[in-house]
Amino acid sequence: MIKVGIVGGTGYTGVELLRLLAQHPQVQLIAITSRAEAGTPVSSMFPSLRRRLDLKFADPANADLQSCDVVFFATPNGVAMAQAPALLDAGVRVIDLAADFRIKDVAEWERWYGMSHASPEWVAKAVYGLPEHDRDGISKARLVANPGCYPTAVQLGFMPLVEAGLVDLDQLIADAKSGVSGAGRKAEVGALFSEAADNFKAYGVPGHRHLPEIQQGLSSMAAQPVGLTFVPHLTPMIRGIHATLYARIKSEADFQQIFEERYSGEAFVDVLPPGSHPDTRSVRAANVCRIALHRPQQGKVLVVLSVIDNLVKGAAGQAVQNMNIMFGLPETEGLWQLAVLP
Amino acid sequence: MIKVGIVGGTGYTGVELLRLLAQHPQVQLIAITSRAEAGTPVSSMFPSLRRRLDLKFADPANADLQSCDVVFFATPNGVAMAQAPALLDAGVRVIDLAADFRIKDVAEWERWYGMSHASPEWVAKAVYGLPEHDRDGISKARLVANPGCYPTAVQLGFMPLVEAGLVDLDQLIADAKSGVSGAGRKAEVGALFSEAADNFKAYGVPGHRHLPEIQQGLSSMAAQPVGLTFVPHLTPMIRGIHATLYARIKSEADFQQIFEERYSGEAFVDVLPPGSHPDTRSVRAANVCRIALHRPQQGKVLVVLSVIDNLVKGAAGQAVQNMNIMFGLPETEGLWQLAVLP
Amino acid sequence: MIKVGIVGGTGYTGVELLRLLAQHPQVQLIAITSRAEAGTPVSSMFPSLRRRLDLKFADPANADLQSCDVVFFATPNGVAMAQAPALLDAGVRVIDLAADFRIKDVAEWERWYGMSHASPEWVAKAVYGLPEHDRDGISKARLVANPGCYPTAVQLGFMPLVEAGLVDLDQLIADAKSGVSGAGRKAEVGALFSEAADNFKAYGVPGHRHLPEIQQGLSSMAAQPVGLTFVPHLTPMIRGIHATLYARIKSEADFQQIFEERYSGEAFVDVLPPGSHPDTRSVRAANVCRIALHRPQQGKVLVVLSVIDNLVKGAAGQAVQNMNIMFGLPETEGLWQLAVLP
Amino acid sequence: MIKVGIVGGTGYTGVELLRLLAQHPQVQLIAITSRAEAGTPVSSMFPSLRRRLDLKFADPANADLQSCDVVFFATPNGVAMAQAPALLDAGVRVIDLAADFRIKDVAEWERWYGMSHASPEWVAKAVYGLPEHDRDGISKARLVANPGCYPTAVQLGFMPLVEAGLVDLDQLIADAKSGVSGAGRKAEVGALFSEAADNFKAYGVPGHRHLPEIQQGLSSMAAQPVGLTFVPHLTPMIRGIHATLYARIKSEADFQQIFEERYSGEAFVDVLPPGSHPDTRSVRAANVCRIALHRPQQGKVLVVLSVIDNLVKGAAGQAVQNMNIMFGLPETEGLWQLAVLP
């Protein structure tokens, strides 16, 4: 059994981690910390866990995280970079679901995240946890930077094209739509039901923090810089990301076959038949990315549709997938739930 | 392994059965029938099942249902009463998720359902499948009439009071609210998104088909006729039933304790602490009923709040629970998924 | 032209007042105050008002409210009782959309609202602004206490029965369902989209602040104390209240006719034909209450269905209706918009 | 008073026309036809119109449409081309809200719509009713082809750029998201609440019927053929279209100023300040298009955000705007309702 700790279990990625880990046959949950909720039974806050998870939130000061095999950080940006190094030095492996270790260029990170980085040396050692791209690196990693939700959907959608150099790398466009849970469980007016329901809007068009992360990933896949326009939108649904990707074709190829081959061994990436339109509910609560390709009017533009559940393949599920890889378990262990439809 | 067949797998209870049975460790899915979709892979209609269920819809005429151990009917009312008897005579056990065998008084059934009954003899032999009320009967049944969604939520909420005779049985009120999936996957204007979203309404106030079913159940528990006012409402959510129950107190008692004791051994009924307000998402996609009690202003009216997922504890999950009981499996086998929150 | 001021225009009742008043042919908007947003153009916060309302939020300290004919308070509870008296003393009429002046029994008010009252003398002078009940009082009032949303729906639904003494006044039940905008435009976790969407729950069952307000109103109509069980629920829609009311019949009568006669002269109460099920969208954005009666199974329980838009007939629209009455305008002036369906 | 008839008033554009026309000070509604609902009071089907519209659906065979000044067709594609010519020949003006007269190339139309055209001669005479593009033509038209919803949002968003020749006309991309009411009030499984709620998907990527309409419009504005990739999406909201438009900059310019000047005299197009993100609710139930411009990272891609209510500026509202122009009324007459927010 893997002994697991969670720092910051009161947000949506936290409770989703709890849902997955409480059902994982190889995991023993040791501690969940929350300064604000210390002493509260976890199932008081999240009744969905009643009678299934007998754990209280622990004060971070007292929690015995050092005896864990792995600790997940489901905290706001800036927490893991301060607290993870001590755990890492004690031999505990760490998976950070926030952004602290995702961007290799620390100055770039500091520009986008508006704080100075507390642990640049661990940024250098961290492995970016997109299993379909760097499974080997993850298997040896002590610190995994779990990808963002948009970056997961966009990178998996573009990866086969970018790796094969088949499209114009200067002109990629990612028009992405997210459910509101992506904004987290913070009390903010913009995420109120009466603001977000029956409504649709773009946001962050001048620059969203996931842009440099996606660009870093795609550039690494392409082995050259890529130019990307990224427009995120807020969608009146709880879970789900739908990325609509546009690329200009540079070299002709059987694109459908290229995607199917690229992902043929992947348990969690599903390339749909030609002509398909994946909907986000087909991945609701499941650790899957479904992808479909289109070439409208047989023209020069390839359209890739990529859907994930932002809280699962876009956060907690991918984190558990990374844990499975780090500990030599079958990658699907504890992650084989079917999507909930409708 | 239990060999399972499903008649009518294209509706919401059908796909929910598939989700649960495809993950059930003791089940082998043999056949799913659909006249309209014969030959179509199930996962083409429900992409949530892609790569996890390799089965095509079979023509009812050809499907080998007689070699199954149990067949679920997830069909419109009137189908099972015509087709189940032949299977039952061949030794196949049957669980009907429709209403054909729920009402013991055949004339009453015919009045509410507007057709004549094809198999009154099997009505007499059928066991009403509310495990928390008649587990023994179910364990020996060849034919189980799976309860309706409203009847499940309402009966579990009233049962401890009615059994103990603590409330006025003449004046029960059940104000119930259902998600739209309760209306099924039929193309009807009233269930369109643009009709049902951002909207709320009562329906069937003059008389809903679940009324006689609930009255039969409560009367059986009380061993005398009960008087019930039942008002169902359509709520802009996909899954979930919230029943708000009102009863006038006849005899004082520690009602909280009575509920806790009545359900103390039940895996799938969760009595919340005093003062709680269960929400439907705390049971989303899970086979659970959560119940809370209130006595506003310490007056004479007891308010019981009872929530279920109409497709799980209110339909497919309860059907699998019944199957587990019928085949001597642990009652929670394959039904231990945690609720999906948010 | 009536010169109008608004104190506290940044919440949902505030912006709804602005929508209605900006289209009112007899109104000149003089000032809208907000300490936090002083200097911000109103249409920056609410782009729906762009190019139609050229006004900035004013600092309450500088706003010239004393030159207004009438000032609306769309503020949290406790503000109007402190600030309205000075305006009233200066001859300005006041309509308070909060609860400060609704409860005549000041001690009772203090118990439910948890603060001591700053202006009991104005409580005594205030007129409760339910036009269908006390149009004359309103026409002469200097201070109108605009009813709460639940109280409007519940009182209009029960009024004809209670006035005529036809039902058991000890056993009234109001099961009410509200859209989330009823919770206001405050940043609170419980009102987040990801908490409230695709979800349904009761709240405040032990005691909701609208209970004493409803009881006071019904008792006044009945000329005797009434016993009421009131259970509010949170519904995943933006606007709308649906009250399902239960009353035991004491004296037989033609209830449909009694309702039709009671409301025959009312522009804003619509009694539907027998057998109807009003939906909340039929009053969305309109100043109307629609009511339908049912007597299930011809039994002893009368069921009244009453729907309003909580922000219009339940708040801002009723406030404008009261203003029209106070200033001798036709009651429908500026309030004749049709509901937005779908 | 303009005497108005409506053919086909039972869909969403029909009831929206009724809402607007019933409040239009210069309109007298003469007849609304519906074969299926002949004899039914309009307000029985749409209770939002109760006590405000005293009209029954008329049988098309009996309705006196020839005495109308103008007849709106809110019918499925193919109806107006058969029935409008007789009215036009009788001197009645016609506004078709369907697609029958939108595409000048009849063969192209027949290819996309899968039927042969019954009245090519009236296609030639019809004026495409986008007032901001061809107000003069509309003012003299006997037959106006009211634009589709997507084409309105996309053309208004691209028009200033395309007219001025500032962007690469070969590489336009329109990623558009629509509320579900765009699918109409037809009983179809895909538009059920339980299918469309809490879900997001693209559709029609291989080719949507609005593509040739948009291309025809933009090509006309550019005076040369344009290349467009158009991807529509279904969004879980009732009303609203959000078009996210991408164009590669060919010539530098002050794009914000170009938009503001182009639309400076337009009552129904609102160019937002730089940096804005319009949301669809800011135009809910209002006849407005709001537009914002972005140039992410100061790169070569211009992003235009354009929102409308698909039933108002995208259908019924624009039709009334066209009627106002055709009859010499102020363009805003009867169309000055503020958006309903929240």
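Note that the chains take the letters A, B, C and D in the order they are written out, and that residue 1 is the start of every chain.
Please note the rule applied: a residue touches a chain if its C-beta (ideal position, glycine included) is under 8 Å from a C-beta of that chain, and two chains touch if they have at least 3 such contacts.
None of the values given here were measured: they were computed from a predicted structure.
With steps allowed only between chains in touch, the distance from chain A over to chain C comes to 1. Of all chains, the one whose CA centroid is most distant from that of chain A is C. Remark: chain A and chain B have CA centroids separated by 36 Å (rounded to whole angstrom).
Rounded to whole angstrom units, the spacing between the C-alpha centres of chain B and chain C is 39. Within chain C, contacts with two or more other chains are made by residues 12, 179, 181, 194-195, 197-198, 236-239, 278-279, 281, 284, 342. Of all residues in chain B, only 12, 15, 19, 22-23, 46-52, 181, 197-198, 238-239, 270, 272, 276, 278-279, 281-286, 290, 336-342 touch chain A in the complex they form. The touching residues of chain B, counted against chain D in their complex, run 12, 179-181, 183, 185-189, 191-198, 236-238. For chain A in complex with chain D, the touching residues are 171, 173, 175, 177, 179, 194-195, 197-203, 205-207, 227, 229-231, 233, 235-240, 242, 244, 246, 248, 275, 277-281, 284, 294, 296-297, 299, 301, 303, 305, 307, 342.
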